[in-house]
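Handing you this structure, nothing more for now.
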Amino acid sequence: MSITEQRPIVSKLEKQEIYRLLAEGKRVDGRSLLQYRNLDVQLDYIEKAEGSALVELGNTKILAAVKVGVALPFADTPNEGILIVNAELVPLASPVFEPGPPSEESISLARYVDRSIRESKAVDLSSLCIIPGRSVYSLYIDLYILDYDGNLIDASVIASVNALGTTKLPKYSVEGQNIKKLDEYFKLELKDLPVSITYAFFGDKYLVDPCLNEEYASDFTISMTVKSDDRFCAIQKNGGGMISPRGFLELLDKSITLGKELRRVAYSKIAVNG
Amino acid sequence: MSITEQRPIVSKLEKQEIYRLLAEGKRVDGRSLLQYRNLDVQLDYIEKAEGSALVELGNTKILAAVKVGVALPFADTPNEGILIVNAELVPLASPVFEPGPPSEESISLARYVDRSIRESKAVDLSSLCIIPGRSVYSLYIDLYILDYDGNLIDASVIASVNALGTTKLPKYSVEGQNIKKLDEYFKLELKDLPVSITYAFFGDKYLVDPCLNEEYASDFTISMTVKSDDRFCAIQKNGGGMISPRGFLELLDKSITLGKELRRVAYSKIAVNG
Amino acid sequence: MSITEQRPIVSKLEKQEIYRLLAEGKRVDGRSLLQYRNLDVQLDYIEKAEGSALVELGNTKILAAVKVGVALPFADTPNEGILIVNAELVPLASPVFEPGPPSEESISLARYVDRSIRESKAVDLSSLCIIPGRSVYSLYIDLYILDYDGNLIDASVIASVNALGTTKLPKYSVEGQNIKKLDEYFKLELKDLPVSITYAFFGDKYLVDPCLNEEYASDFTISMTVKSDDRFCAIQKNGGGMISPRGFLELLDKSITLGKELRRVAYSKIAVNG
Amino acid sequence: MNEKISLFKENGKRIDDRAPDELRPIKIKVGVLSNAQGSAYIEQGKNKILAAVYGPKEALPKHISLPDRCILRCRYHMAPFSTPERKSPAPSRREIELSMIIRNALESLVMTSLFPRTVIDIFIEVLQADGGTRCAGLTAAVLALADAGIPLRGLTAACAVGKADGKVIVDLNDLEDKYGEADMPIAYNPTLDGITLLQMDGIMSKEEIEQALSLAITATQKIHKIQVEALKDRFSVTKREV
Amino acid sequence: MNEKISLFKENGKRIDDRAPDELRPIKIKVGVLSNAQGSAYIEQGKNKILAAVYGPKEALPKHISLPDRCILRCRYHMAPFSTPERKSPAPSRREIELSMIIRNALESLVMTSLFPRTVIDIFIEVLQADGGTRCAGLTAAVLALADAGIPLRGLTAACAVGKADGKVIVDLNDLEDKYGEADMPIAYNPTLDGITLLQMDGIMSKEEIEQALSLAITATQKIHKIQVEALKDRFSVTKREV
Amino acid sequence: MNEKISLFKENGKRIDDRAPDELRPIKIKVGVLSNAQGSAYIEQGKNKILAAVYGPKEALPKHISLPDRCILRCRYHMAPFSTPERKSPAPSRREIELSMIIRNALESLVMTSLFPRTVIDIFIEVLQADGGTRCAGLTAAVLALADAGIPLRGLTAACAVGKADGKVIVDLNDLEDKYGEADMPIAYNPTLDGITLLQMDGIMSKEEIEQALSLAITATQKIHKIQVEALKDRFSVTKREV
């Protein structure tokens, strides 16, 4: 059962302040409406994982790591590698995260990131086949939210793509139906650099990259993932409220522009091929 | 832990009324004591399942569907197909059904239906073997309670048998130890048409096919499944209270008589062989 | 989440009495500080298990049974049998045990017993290989706590080792990569007879083999498992409080002495080889 | 996945003979269950979906309640036999996400402030799935709410739009969902001119999204009319019964 | 399953040398655990079963309590080592059903209205299983209740009857349960002439059921006597201890 | 397991070039998270571990609270990517045991009687594991408690000692843990001269345990100094910020 969430109360004063500033095109932390917070990316944070990145977007801090394995392919895609995204909202990150099985928030976050990567074809899954129908690479992307100050979606997409961009896969030699792990590695090629742009709405006003208080005070958010070719590969409205069709269409152009900019900043440390 | 159930309170007045009428051999909905409610059977309700039936017994509405698969047989029955019965008391059917893992009621219901089908040998499991010890058909009967107005057991047996009676199985060709699905189907043969007769007891009085209020007001129920040859293949007393040995024996003849009648009405739409 | 336990309140009077007696070197049940309760061992209590023992240590009653199976070995130990220890604190043993998944107490108990057996090499796992990398014996030791009056650890180690000492394994003949169960059995050889000695601490005083009230009244316990050659193979402090390094070292000699004695009493009914 | 399957015929029709902007046949019936306060049944193509509403009722345990409005609980669930392969009845990650997405779409529709400290339960059971189940389920759930007499801000209808074989299409069936290029489920409230549910996966350009959105609005307006008819039927039946 | 195994010897005796109407050896001891308010241990054939009772005690959380009587909680559980193959300790569907069936049989036995708002916990642990565990477990649970000093409407004893190789038999062992034609567990209270537990699976005609029921009543009356003896033993031991 | 791997080089150094009594490089930072009341990060060898503290706060539901002191809740958890093979995020039996063992070590450190009826939550997340994680995690958790301003009876530092290739060593790395003869994690509070956590597995003689304990006390005293420095750094940073 999905149940109406009980948001921590943002003090009336704080909320009023957010709205008052918004009316003037300003924000509590001094940013402009369409400005992202400071972004810091640290690659290969977990040396023992095949790929990893620690991303800080303001005070939001997310660690993404990629574990590579070998698995049986799914029956309907015998020639494709397996990609799984999992997100853990660990309780040390926030008083609202609780230990236990994945919450609907963490499931929805993981599934959005999964779609952003899978649909953008950032990873060419057909290049991850070792023996068709029998042995393929499996990439497990684990997102670990370490500090929570809003906009998990955009930060998670950035962390995941950076982690993939650092991923090295072991080579295998094939002998008949058996494979043997070699002591050589190859770099995973990224075919696209998707970025997600998240808007928080307050009545008919909106801003990007909401911090936690802005998220709590907002009516709803809309996230859009843009590919390198300016096409879209994932969109999701989260939370109640409604948006007019015209209001929605307006975001498409904005997202293309903001996406270009964010992509440049977010992926400056990883190379792209393909 | 099984825990004393908290039955929704049937108003004192309603309960008194049930007892008062019972003393006169009457019931709240005008039926006689040994009369079933109106029964409606709709076959092949779920076109995408291999077999299905929607059964309405008064306001009780149950959908049974059969999914056919191929599985490894159990180690101790290498030549037999697999039959599994599952019952879902979905929360849209009643305010007393809750989402979550199967309750003891749903488990007990599924197990009673399983016994009724398995012990009556309505399905010849040995005819469902493709390669002994390796590949057998698996029949998954899912019972979906959609509207709950008492007597789930009898309605579930009827729904399951009707669903089985409409079931078509894909043919497989065997090549050595491998099988290949063909584009041909064959009809599952039913070897018996078991029906369950459920009695609700009020002191030393009883009636059949209790509606929900009668069920709540009663001391306990007894269900008996009768085969086409008038022998019994499943019996179960549900709920507290006690019955005298003589009182119990009295039910056997009644069940044989009622069973004949119900079988005729319940299975008029499916053919029987064997 | 591990959470500060809510110990049943030992009445103030009882606690005072335990401390008062302790100051005089005495105990509530008349034992001396380093004296174990009466120990009774009954072998082969569960005829249908491959090995079993019922142990009573005062009012603490524990049944250990060994089930033998054949399994795939773990990938990193292809030539070794599998040993698994599980402990059930069944609710009939105590009002503080609840039905449900294993509690941290039962997990910690099972893991301590596992370490005591595994590290002492009482069972030579490499003798339990049938076909390397393919078929090995699996020994499942289930500990069933039937009555709970303190010191589960020592009683569980004694019950497990006795159960192993009675264990008979079916022989298998190997034909290529397949095995066939024969109607012959062989006795599991024990290579060591580990015993655990548990101390309960009250300030700087301590006693061995605490009964339940002593356990509840104590600050913490320390358990030490001693091998037949007087070396240690498992130690664990349980509960809050702290012990001085000197206080801890003092226990080592005591455990060696007490261990010899307890080993003699505890394992008098099973033979040892190797 | 995404192997080359042609989703359009030579005559420009889709595999089930529809035009790109053509809805599948829709059949809706309101008030189909006896225990639920409100209920509705929808068939859209081969989709068969039931929705039921219980409440408003006291929210228990109390700590889940809100002092100023009622809360919603929503479960979107697929029957084990609703899909080609039998589905475990335990909720999948997808079902958990869709339960949330549908609840979100209903939050602004229900006049929640009329019923403080209460809860409304919304159950959607997919009996047979044929693409677009979250949208058809939402369309039915809105009617179940109306049937339960819960005050709503208009009616919301939902429909997926998307892209297949390079063409923008409406109301994707199972195959178009699986083998097409994009799927964009949308819920739209014509009374308030508001989109309450919006997801997209697959690849679409800005222009394609604009075109798809326009198709979606037309489609949901059509479904909205069918919703109104179904409510009228329910109402007239009640009258007849009285 | 049901492969042809002969369950009768040439001399008309069953595979364990019993006559068709002969019980297995039964050993019962009451008051075997130190922590439980009441307890009993039963051996019937190779069955080894413990039962324990805690309560009546305050029912928590309060919403499970009843204002006019005490509620029962019952767990029938099999030890992992009780069966030929190791059984997972998590409760199986069978154990969940039997916990309910046994609780149902005890509901009318306990004078529940004496203890409103309380709960009585009944735990049955099957240490070794040899056919007929639900009946032997219930026989022991009744004694554990008596041992706990809980007022009962008489004693209930339970025993399975059934059919093997075409003959109606009493107190089925493991093999007769597995390879026989029918199994009918029955609990009977001779004081009240009432059947409190009754299940059947397998195939029996009306006449066979009549015959089996008659065997069951005789058998449970015998077990009832053993129950009474076991209670007396417990009582006299207590006296001796005093 | 325990196959012959040499853990010492010919020059008497360990495989990572340390002397038997030499700690791995340790880096500690206090106050690294923005939401937690207190937090700390530790690197010890390749271990990377975060600890965070929330509370004291009201203990809910009330029945878990204690009238005379605060209770502790502790979760030791390993990230799925922290180990060579991906680990399921569900807590393993090992993690459940270590959560308890670490909580036990903190019970006597926190002045719990100052905060009756409250709860303090302690979270330890192992981001990368390299042997000795429970000790390093505890070392960090103590600092997170101090960072949260919770009154403590001194600081506790923890370190494993053990035996490899017949030699007693300190601060075992992953390989020494896996292929060595014994592992003995110890937490020691030098202020109170008290051991608060002590486990051992593997085989050691009495003399070896004595020697190992002596190494552990020296090691934890060194770590204690690093803890104090880290707290000073945190304090001076705060001052600078003010």
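A few points about this structure:
Letters A, B, C, D, E and F mark the chains in the order given here, with residues in each chain numbered from 1 onward.
Methods note: contacts are C-beta pairs under 8 Å (C-beta built on N, C-alpha and C of every residue); 3 or more make two chains touch, one makes a residue touch a chain.
All values derive from a computational prediction rather than experimental measurement.
Traced through touching neighbours, the fewest hops from chain B to chain C number 2.
For the pair chain A and chain F, the distance between mean C-alpha positions equals 32 Å.
Chain centres here are Cα averages; for chain D and chain E they lie 51 Å apart.
Centre to centre, using the average C-alpha position, chain A and chain B are separated by 48 Å.
Residues of chain B in contact with at least two other chains: 1, 99. Residues of chain D in contact with two or more other chains: 75, 121. Contact topology of the protein chains: cyclic, one closed ring where each chain has exactly two touching partners.
Starting at chain A and stepping first to chain D, the touching chains follow one another round the ring as A, D, B, E, C, F.
Considering their complex, residues 1, 64, 66, 71-75, 93-94, 96-97, 99-104, 107-108, 121, 184, 188-189, 192-206, 209-210, 213, 217 of chain E touch chain B. Of all residues in chain E, those touching chain C in their complex are 33-36, 39, 46, 48, 50-52, 54, 75, 77, 79-86, 89-90, 121, 123, 125, 127-129.
Note for the complex: chain A touches chain F at residues 45-49, 52, 59, 61, 63, 65-67, 69, 86, 88, 90-95, 99, 101, 140, 142, 144, 146-149.
On the chain B side of its complex with chain E, the touching residues are 1-4, 6, 76-77, 80, 102, 104, 107-108, 110-111, 115, 119-120, 220, 222, 227, 230-245, 248-249, 252-253, 256.
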